[in-house]
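Lettered A, B, C and D in written order, each chain numbered from 1.
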Amino acid sequence: MSVEVPPRRVERDELLLDYQRTRQASEAICFPLSPDDYQIQSIVETSPPKWHMGHVTWFFETFLLQAFVPDYRPFHPQFNYVFNSYYQTVGSMHPRARRGLLSRPTIEEVYAYRAAIDARMLELIASVPESQWPAVAERVTLGLNHEQQHQELLYMDIKHNLSVNPLKPAYTAQALPLVDKATPLGWLERAEDLQETGFAGDGFAFDNERPQHKSWLEAHRLADRLSANAEYLAFIKDGGYQRPELWLADGWAYINQHGWQAPLYWEQRDGEWYEFTLHGLMPLNPAAPVAHTSYYEADAFARWSGKRLPLETKLESRLLELEPEGQFTDSGIFHPQPGSGQWFGTLWEWTASPYTAYPRFKTLEGSMGEYNGKFMNNQWVLRGGACVTPREHIRPTYRNFFYPHDRWQFSGIRLAEYL
Amino acid sequence: MSVEVPPRRVERDELLLDYQRTRQASEAICFPLSPDDYQIQSIVETSPPKWHMGHVTWFFETFLLQAFVPDYRPFHPQFNYVFNSYYQTVGSMHPRARRGLLSRPTIEEVYAYRAAIDARMLELIASVPESQWPAVAERVTLGLNHEQQHQELLYMDIKHNLSVNPLKPAYTAQALPLVDKATPLGWLERAEDLQETGFAGDGFAFDNERPQHKSWLEAHRLADRLSANAEYLAFIKDGGYQRPELWLADGWAYINQHGWQAPLYWEQRDGEWYEFTLHGLMPLNPAAPVAHTSYYEADAFARWSGKRLPLETKLESRLLELEPEGQFTDSGIFHPQPGSGQWFGTLWEWTASPYTAYPRFKTLEGSMGEYNGKFMNNQWVLRGGACVTPREHIRPTYRNFFYPHDRWQFSGIRLAEYL
Amino acid sequence: MSVEVPPRRVERDELLLDYQRTRQASEAICFPLSPDDYQIQSIVETSPPKWHMGHVTWFFETFLLQAFVPDYRPFHPQFNYVFNSYYQTVGSMHPRARRGLLSRPTIEEVYAYRAAIDARMLELIASVPESQWPAVAERVTLGLNHEQQHQELLYMDIKHNLSVNPLKPAYTAQALPLVDKATPLGWLERAEDLQETGFAGDGFAFDNERPQHKSWLEAHRLADRLSANAEYLAFIKDGGYQRPELWLADGWAYINQHGWQAPLYWEQRDGEWYEFTLHGLMPLNPAAPVAHTSYYEADAFARWSGKRLPLETKLESRLLELEPEGQFTDSGIFHPQPGSGQWFGTLWEWTASPYTAYPRFKTLEGSMGEYNGKFMNNQWVLRGGACVTPREHIRPTYRNFFYPHDRWQFSGIRLAEYL
Amino acid sequence: MSVEVPPRRVERDELLLDYQRTRQASEAICFPLSPDDYQIQSIVETSPPKWHMGHVTWFFETFLLQAFVPDYRPFHPQFNYVFNSYYQTVGSMHPRARRGLLSRPTIEEVYAYRAAIDARMLELIASVPESQWPAVAERVTLGLNHEQQHQELLYMDIKHNLSVNPLKPAYTAQALPLVDKATPLGWLERAEDLQETGFAGDGFAFDNERPQHKSWLEAHRLADRLSANAEYLAFIKDGGYQRPELWLADGWAYINQHGWQAPLYWEQRDGEWYEFTLHGLMPLNPAAPVAHTSYYEADAFARWSGKRLPLETKLESRLLELEPEGQFTDSGIFHPQPGSGQWFGTLWEWTASPYTAYPRFKTLEGSMGEYNGKFMNNQWVLRGGACVTPREHIRPTYRNFFYPHDRWQFSGIRLAEYL
């Protein structure tokens, strides 16, 4: 990879363990699925769980085994076509919108594929010559971070896939805790400053978090928790979805074209609001953070509140002060819970920062250059992780990004204003 | 049902046997499927096999059990929504285009549904009071004919679902016979005549085959076999798909918009033509009938040949002279084979007759009125059955119908001309 | 043209006069238009008046001057591209949907084009050698009938173009007569019969009216006037647009997709119904015939009425008994008026006959073969002419045709039933 | 307007003259148009010249006469509907995509509207009470800047409208100068710095240029002229449009979906490249700046060149050093000419800065708040003006913005890189 990114010192044993733990975590997520669930692609943005399970495996096969094992023969001649997501440089690919039409390879074949690649990967990690070890270690680490991203996608996609079903099936039988006491909203102030932004340590970080660079930050304050359902309901009741002056022009067009009147997964039955969750259809909890709004909705809500969304630099400077504690996947609760702070975990926070390159940004070399840089257009940055993010996946400098109309990700709203 | 349709004399034992045989036949078709295959809907016209298996069961539950069993309680409160195809009069329904997104009910639940309904149906057939027997017998007969239609749809849809897969999986391991000797094309002449068209017997027939009525038939002749792949290839090589004067205006627009250059399932590899079949991808057999053309292509091919497509009345008058012998599902060969005659079975034959009502046509009463009549618009009639039709399902008066651009059905071409 | 069609005996002087009269009639229709109006194409089905005026001229240039004048040089090298409608055999053409984007040639240039072609046409008619006269006479007659068809299209298209304007401008300042007395609905009976259908005389008729042939007609009766607005309003008030059982499946899908709740040009203001007409926006006249329904609506209305739409053979057999009297363009009233009979003129009548070829139908030779035959798919026949049809253009055997969703043509409804 | 924006000291006489000069300039642009040209809307992004001429007039009527003239009665009750562009707060509006369908009001009526509003406006400027003068002066100035924006849109839209015409008509008969000597590419270096960005003077500036604020600028260099056609041709010949690794993912999808292989207005005839210009179809001048590329193409070209696009702050800091000299509309040449520098005029320069709000940005009060802020999403900033920009309209802090796929604006490419 790039010369600027010093390889993290990582031992083989440690990585072997990491590899196995991460790979098993993906399978654990799929454990509650029926064979039928593995096949669904409810919208073009989601992928069938079966495809995710194959694709993350293909990532190791393509970028590790193909690259570092002499005379490696592919597991199946067409899996490169079937499981390539968007790496134009390694060949053509099955169209994204048609992943739900792939009845073959079957679930069984995909699990056989996983097992076969895992065996070869463990062998590679254990026995690659020392000269190649740094490159392999770095690439494996990227592959594991990639797999963690797909673990979050699995939760997101499974939720959407189940939500379109008229039977409203739950992903998990685990009950949601009953926390309905609201936390009062406080504010955290900061003076203006020329600060450092971006990753500069020696652990793992994606290319888009680099290089570290200066940016000028105006004096401002940040809400000390996420905006709650009760607050968002007030926005709705105040005609929020009917008042064009609150919306970006693109957003106003979009919500009208799609008939949006509430966040994704909300539905009204007999006058009461319910929310579809991975724990089933639940009465809306007024104290819980509002989830699954698009950027358009987050921005309109902030305007209606007389506030703004924070810049990503503001959030980053706050996250740098804290330990990465919060509601992550290890909680077993896959729906955002009420609380205070909520800086890490719970829900990704929309920022007022378009997703663009940091100054002097360079993509990785070769196919890995397609990982992040080519998406720097028309998207907005989100920060901090969510309840469906693996805890060890997140960092203060982590930049997530989605289109302004996307809302199947676990996104939330934190308000901000200038001083 | 309608007073004009005298109920066929049918015994309870006979119907019990018919019921079981037909229901088992559907399950036999699905036997080679993996769980993954059950879920696929490759285009809006196809349905997932799982849905077919539920829908035909729903038909019996709705139109027999609900109608004739006192205090019947539905198997599941939402199956009427999930498995209703297009019967607006029995309630709203899951959108057709989204049947492939239904991971629930699961395959297991659908088979449990089948078993439960079958038990109740056998009970109903055995024990319904004599006064209701004629109505029940007639409705069960309709339900079995309906299920046979879906058996053919299962073959059609499975074929399409598998065809979009880059791995090109075969439905059956059974080898295709090697018959590549072409049969010379002869002609069968008929003088002009005022003939009777439509069904008038006392067995089962659909409402759209009734009532019998007079129609004037001009003198003509009919080809004594279906047009062959070799003949269609000559049309292609003569620039058939590039010559607008051979095409209906709608057809010319359609093939250009969709980039059609050959029948569905044909593909060229290294200069050789192959055809995807339920037996896998096969070299094109020049002697076999050309299959899976749209009406547009059949009509253009006929014009290029200096001939026409036959009217449905012409085909019917020929079919009435013959025993229903031919290549049907019981052959175990689900791809059209070379031969002569081919009046029944092998492939449905496009006619030059738009699908409209016969004079004095009446729809059935109640919800059954939605069965056929509401589709009498923009479609063309096909006659004679195909290799994926159950043998006992076909009659000389049987009217099948598809849109002129449809071609995933097993359709073929028989030429005709006026004398 | 075809050998089967004996040329009508027509004198040169007579044709010269016809030519001038017909060409001037087109210009008279455009007289009330502003330059702005000439340019509008409100939907893909309509064409800008400027384009119509050029296209009918191009027809004479291409099929007469190019064909019969030695060494003819085109008026402009690109007008064949610009003004060709759909004749694939004479070259490529400007896309239909983009005719409204042609600011050049300008209106002035189009009128200069008309003048230049007229001069050459009058010369050709006067001086073509006798040996070519029959062919020229026949082709000119076709060209004049073609221009009359576009005269009706001008009325249809101008009406639609003006209707989309928020200012609701009238085409003509001429007041509509106030006839609001309804005529009671009577019935005309006919016994079953083997009748002759189609054109067999020696005057002009289109290829699609030929050849004359036998068809069997069942005993039936026909309403003796068109269905009135009051009757259609009763259908609406009875929930006609909300009851799927009244509609063809394609129609039900179409009206829901497009949100149709009433015929084209109807609008409700403060609870009262109005109708946009070429005479401006007018209160709906309950006694006047309902106009601008699609086939879907006509068919649903007939079903709701407990009747059917007539077959085209039935209407033809009635029209053959009558003189072609009725409300045509020479009335100066371009909106259907109440009355009885209404067999010719007033409104085109939807029939239950798909538009298909008569037995032994042959297209004309060469490019003229594209005139009618290639549209014989997915359309329904209408009969009898309308108030925007030139009186001398109509015949009992005349077959007009539109798609079942079309309704910008002046179409009406006559009920029928079997005896 | 906003209290933060101190009104520019402007005398009534001066503004009267400005008003007349600006209004006449719009009419002068339309002088060469035929009535046909006034009506065209070739794509949804363009508007008919007639509509532009009405809309800018409506702006004065709505935001000056309605706001400041007691008891003002609108010129026409529906012009607010017809000519409102996107101001949701002043009422509903005719859909943008359907502006080309408005044959009424006619051209004559629009000019009468202009004359009537001008008379009232001159009266208002001359006689409004002194107490209201600052507010009026400021709003009129905004209206004149608005009209200048539409003057540029007129050139852009007329060019596109003419370009879709198969006759390829020229807007002006003025010959293009023959300057084909290329200027060598040099570079201008800058050290890192904390700089002030945005407008802080007391003349006119749009809300989106405010407030002035600090931003940190990394050391970099900028090309000292725009990239030339010859350079862009080298990109094309090197397979630029076929190499996904050069493109943003959205851009790669877009160019493939739309079949782009070259900038807008380029076409190849017999192997030679031509470019459609307001001076007609011209051979491509290799020395002239490449024009009408989208952001996607500019970005891919920059990546292929081993460079980047400049941030808007970098361009602004350069523009602040210079007089606004360059090729503007007063040159009478409406196509970019070769040269050096080209900082102002010639072509708008794509920047690598998404169009977002400056820190503490506030929209104007009331309806004027819709002017700029609601478009801050999914667009990229362009800087410096073009040959179709009025000279007096531009400023160093001026922020233009378009979607990344837009290319009918006069956009060009300036390369940059970090030191």
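Quick note on the criterion: contacts are C-beta pairs under 8 Å (C-beta built on N, C-alpha and C of every residue); 3 or more make two chains touch, one makes a residue touch a chain.
Remember, it's a predicted structure, so these values are computed and weren't measured experimentally.
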| item | value |
| --- | --- |
| Shortest chain-hopping distance from chain A out to chain C | 2 |
| CA centroid of chain B to CA centroid of chain D, Å | 59 |
| Chain A and chain B: spacing of chain centres that average the CA atoms, whole Å | 46 |
| Separation of chain A from chain D, taking each centre as the mean of its C-alpha atoms, in whole Å | 38 |
| Residues of chain C touching at least two other chains | none |
| Topology of the chain contact graph, where touching chains are joined (line, ring, star, complete, other) | ring |
| Residues on chain A engaged by chain D in the complex (per definition of touch) | 86, 88-89, 194, 213-216, 218, 244-245, 247-252, 295, 352-354, 356-357, 359-360, 369-370, 374-378, 404, 418 |
| Residues of chain A that touch chain B when the two form their complex | 34-42, 50, 78, 81-82, 94, 98, 100-108, 161-162, 164-167, 169 |
